[in-house]
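Multiple structures follow.
Two complexes are shown next, each including subunit A; its partner changes from subunit B in the first to subunit C in the second.
Now for the complex of A and B:
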């Protein structure tokens, strides 16, 4: 069963436990988050006919808390970009209350801005990746698009936290979303990165400044934080991300699932021909870029990994002076839905890459950075593991006149 | 032209571990295909590897047994290759950050001198699935059995320190001994729990350069490794003499034809760190704690056997070669058997019979306590060596004590001087020529006469006593 928004509709979304804290919450999922027996194809012929044996940890937890899992939306192939994604439409057309999506370069934040909704990407390592069919394992986080910040806290309270079966999670210091108390006044200083803002056009700048004015009126101090290495985020993400993707996508061989080329003479040909047929051109170019680093220029990958470490450190020191860093979530002129090349995709996500590269949490707030009637989203990035603070801040900002 | 061989080995060892490396499936060889598998070891999309702590400890212990330095931090990489035995398109292996580096083992070279051979590093990796090739009607099909997929392995990569097939075989045996001592792996090349690839290149004798190497695979015994290397040295020498180039590639050892044949060009897939497997950090305290689990290792034991039991170097080496063997030996000595006798008997009598009986020393029906009684009877000359040999065989097939068997078979040694003298006198009367020869100084005539007397006694006489009595008799005449 499917329609234009959903790739798969769950005919029986009523959960076994209907009195949990997520009771009646209608949630749609990206088709790269495993639900047992659902056609989880990650938007790619490479996973044609693949049906997971087990639920992802986050899915188990959503079910336990009483959420209604509606089905699978459409998504960009293997989660690279958002071309043909419909998660945001499910929210803006009020078909779903929340969407669970995988954020690797800023997808959740970008799509929430598109939907005029709230978006949240947690700290890397705070939410189980078991059952996530990913492409760039060191960046991707299960994230959400929601209609209110309170919902984001409720959903993450349900799905985050230690998973004994995902050894790649952090061992301690995990955020306690259940403890969110709508505390106010945790955020006083907000930083903006001039190197980042320099890329914006006049209309975007103006829209962003308006949003900053709104925050200043709420008692937040805005501070310029120079980040000379800022331009590196894009190349670091692209180099590390494409390399990881090329290695991770090695599993798509058409043997047990995925589209298989017909009439091949032996298994080597079967691999080659099937891989030629199963990937779309955008993912293919991304995988080729990664394969180049893997096979021909590993030094550059290592260099990118070192620079990534450096960016994490520099980002940490920015947060010594400010509590959060603000920027729009997306550009006015770069349409990720139409992105046809790898560089188009990176241009569209330029503003959201820093949180993905550094594993930092980030919230996208609607209705604040308005370029005409276009919502660019206000992205609020916090230091690693400051998830509670960010969500408290988001809740605070929805309440009028909380500070002077 | 005279060449020198430069040989390095890559040795895969399957660890003794209850589970696989990244999941809780049982790590056992089973006939029933695909009976020990789960979403992780068949690599269903969305699966996350769960590194086994016990496999890590077994691997670390193996490294310590081979004198390697455990690295403060190690990690797993995705080693890419596409083949049906590896459904996720990469093998989890430690390419960039191996578990340990800089190890060594001493071997005794062909010249009898000790040589230290270095280990470059040891890394952990998962085994891949097993392909079974069959035909279905006219069609050739390949089936995949995942029971082995994800089994914990270590790969021992040596420095190119070996110069002959002899040294390579000695090194392999030394590795096997060390690891079996540590108890972390079975190390049987025959059953595939130890596999060895050899990299061989030649260079003009005395040169320090490294020439193009060739990799040889598919040897299923230590001896086959030696034969394959010897063959490869010969083959490459011929090529070089004829002025032909040696190209880098991989060859297969054919144990039936005793030749190596071209398999494929050398392939090394790229390796990217896997973010889903946490980095491994081991503190010095953790390593020290592990090291305490290592038993007394062979070289230390060998030195102690020389020092404490006055064994010769050769005897001590033999008795310390395997942990079970050394334990057996020490039980005999503790039961009062002279160390030299125990060592000689074990090497010369017991081990060959054990092999014939297809028993293992750790589980043999001839326990060291029972053997000690037999040896004690021999040492006290209650029975002679020939009788002891017969009793030894009988002890494998019955649970009776050595004394009971000796009684049953009438194997009491003849030690009555009067009876022995009577036998000797009869033999001397029957063999006047031999007696004359003995008188004229031909010592071997004495052995002949004693042998005749032993025969007369149907093997029961005490040969030492016979010799003394013969001397007396000769002196008296």
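Now for the complex of A and C:
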């Protein structure tokens, strides 16, 4: 398949059920979300020629609801970073109505801002991850880039909910999301984190303040919420994320799938050489960081997990005062598409990491945080499992826009 | 409750109807009918149904409603007969039930990683089997796995198997003597597990591969009849049905000969199998090693089916078939089997593309010749190369009839030809269902060669160097004389599996020295290796011999267990790892320092020692090679990880570690059963693999 946007194009996207709520919606997918028999290689030789045996749960649900699955876009290797990603282009070039992407550090939010579209990362544990070929199990969520918030809500209603085959989901207490009924007025208080905003440059600050003004005019109160531990989000994400990646990537061993190095003398050699060949340098650097924590300094990984617990606790108490937390979704100067080292990648996603670490849902709204003609995206983060509220809020904001 | 008042769940009978009894045990399963709640209560005597009726006290009913699988509880109740039509034939107590009047929860149980119950609460209902539960999960929660009645039965029967052997041995005057576990390397020749000594820094004990030397020393001591249920250790390459430690029933006796041991072992083995309800045919036949090899290609012959070898070398003396001609020129052998009446199952395609091209090469053979008998004629891809006389010779020699299939192996080496055909014989029999079930064919294999030739023209012991030869007048310098010696060793084999083996030992110092000379050891070298042992034989050693039986394998066969792990309480998994205790595991630097193990390797990196190159270590432990051009990038990343660690450790917190925002519930969800993935059933699981062999993923050899 030789297409600049798509790695694989589905020649027969018409679904078996064509009258579901997602009827005629054209959806593209990241190639790390399993669709039976599609070349789902997650952008890596570790999964060269890999074709899943069955659909991911979310894919099954999309098909059941009548969506047209168009094919697989391109993605950064194993979902680490977005270099060579094309999901946002499929949206901005109107090839797709929506894209399913995996959000581990903020990819869906970042790419939606790039596309000038809507992005939504749901709460960790609200959408099944069965069939997600991932790298950082405790952070990654199947997320969406959409052309409207209504669409975003409909897709979420379709794909969310209990999956008895996914052990990482909430066992008890997962809300039935159902249809998003467009309740208004649920969000009144919005928080901003001064420690987060301190990192922005003048132009970014200005753009963000303009966006806040817009919200104030719609009756939202803005409140400053100090969060002294904020700088920890990045180091905790990187420590825990890389360690999980090192552990999870153990499955890429060239035995059941993936590229096998030729002519190796023994078992150990086969692993060493195959894994040398199959991983690109960026993801390999990340895996080595993880190997350092996994094998040489496990205490630090455990400590990072403690700090993660602390961050989650502090975030929870922050949400006692405010309904949502606002920030831009991306920096003006850090280009994730060009990020070539692990620290570049982390710098580019600095603003979106908190929701990934705490498993919180986050929406990215287009057209509000404008640095010149560059859309930085307005990130709206809510407490864990407040997905419905966030989606209602997103819809409410567009409706008022049209009224204005 | 007073323990004396307790009744076993399996010990409640029809006669007890009307009696009030007290039970303690585990909730095996529950069935809630609204007004009536039933549970199966289980202890190691069996299972009984307990019923909680509406008429019971409110407190008790409330507690009963809260009962879940594997709660440990205590019940008082009256035995009642079940109403006709509600009996449950799947449990022994199925005609009665216990109407509870009091209930105490002794201890609640957390949610289970897998179901334990093996008995349906309603006659005829299906229950989950452990076959679907991943074995490592069973081993991780072995204490729960062992709650299952079938596993308890295995361990109880294993105990009975050993007990039956002890009885026979003790009736014959044997005494049990324990020999040390911390000892010196023994002569079995496998790799030792070694244990460092703290008191003697840098020196090591070896765990015994068998009690061989000690039991012979006990004979020198005059403790004439010894036995032991001995734990042995061998650090061998991994095999599916091999454990790093295993149990032997080890025996040795003085002033006896082979006939004593044959009679006794036959009795022991027969009684062990009686525990599984199996009557072995007796007496066990004897088969000389040469015959076993010539007829089945194995010193562990499986005699449950035919397919005996037919020697055919002499038929082809003048053949013009080039391959055979070449092989015969090199003094090779041509042997085959006649698979009677199987030409439908063994099509040309199967014979040529599967057997000749894949299976036989997999056994180490260079090729296979096949012929099928059709309409009174041989049919094959090469039959035209054989003269009519040769074809007639083949038909007569193999007794060919229409529908027969001949599989023939030709090789310059007799040993290789018989080995390959032997494996082929077992493979074909298994594939075609020619191995009858519930058939038992024990056999003594005797007259082993004392020595095997080495590649360098010398000899090496077939068993161990203390095995007695059949004659002592040999010339230790004459290799062909040595290779003609037979040993007084014997193996007991059942259905192609070796249950044990032993020998009459050398009791004479001079004969022993001749053996060492034959093996190329000078008296000094022999003294250095086995000094303490040889010295003992200078003090009037008695003639003696013995045998050892592999208890794990015997128990697995007696109980038809799928794996020897099913007859061992706490086994290691296939990777010699214990998922329950996580052994083996790393030890602290301090522990290694105390044992003075840190500097043993000189320049070599040792465990615990600070590595010279962090990158190399990480590359090795995570098995990811580094391309030259990416080395500096990865080094930068690892540097950054070290900095990150330094940065994080400054931030103190005593919050519980959160590994995921949703605590992992590593459990089977209610109402779900473990099941094999459809990809296993239809073979799709192999579809993505870079290399496959048969039904397996193919990987490189473990060692070069």
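FYI, the second predicted complex is superposed on the first by the 393 of 404 C-alpha atoms of A that agree within 3 Å, B and C clash if a C-alpha of one lies under 4 Å from a C-alpha of the other, contacts with A are read in each partner's own complex, and residues count from 1 in each chain.
In this section, a contact is a pair of C-beta atoms (placed from the backbone, for glycine too) under 8 Å apart; a residue touches a chain by one contact, two chains touch by 3 or more.
Remember, it's a predicted structure, so these values are computed and weren't measured experimentally.
In the superposed pair of complexes, A:168 makes contact with subunit B and with subunit C alike.
In the superposed pair of complexes, A:133 makes contact with subunit B only, with no contact to subunit C.
In the superposition on chain A, no contact is made by A:108 with either subunit B or subunit C.
Contacts of A:251 after superposition on the shared chain: subunit B is touched, whereas subunit C is not.
In the superposition on chain A, A:307 makes contact with subunit C only, while subunit B stays out of contact range. Of the two partner chains placed by the overlay, subunit B and subunit C both lie in contact with A:50. Once the two complexes are laid over each other on the shared chain, residue contacts for A:34 go to subunit B alone; subunit C is not touched. Residue contacts after overlaying the shared chain place A:358 against subunit C, while subunit B stays out of touching range. Legend: residue contacts after superposition of the two complexes on their common chain; A:58 is shown touching neither subunit B nor subunit C.
More residues of subunit A are touched by C (comparison of subunit B with subunit C).
In the superposition on chain A, subunit A positions 50, 53, 137-138, 167-168, 253, 255-256, 267-268, 271, 294-295, 305 are in contact with subunit B in one complex as well as with subunit C in the other. Residues 49-51, 53, 124-125, 137-138, 164, 167-171, 229, 232, 235-236, 238-240, 242, 246, 253-260, 264-273, 275-277, 279, 281, 284-289, 291-297, 300, 302-310, 312-313, 341-343, 358-359, 384 of subunit A are the ones that touch subunit C when the two sit in their complex. By the touch rule above, subunit A contacts subunit B in their complex via residues 34, 40, 42, 47, 50, 52-54, 56, 129-133, 137-138, 165-168, 243-244, 247-253, 255-256, 267-268, 271, 294-295, 298, 301, 305. Only residues 39, 43-51, 78, 80, 82, 84, 87-90, 142, 270, 272-278 of subunit B touch subunit A when the two sit together in their complex.
The part of subunit C that touches subunit A in the complex is made up of residues 614-615, 617-627, 629-630, 633-634, 636-638, 640-642, 644-645, 647-649, 651, 653-662, 664-667, 669, 672, 677-679, 684-685, 687-691, 697, 699-704.
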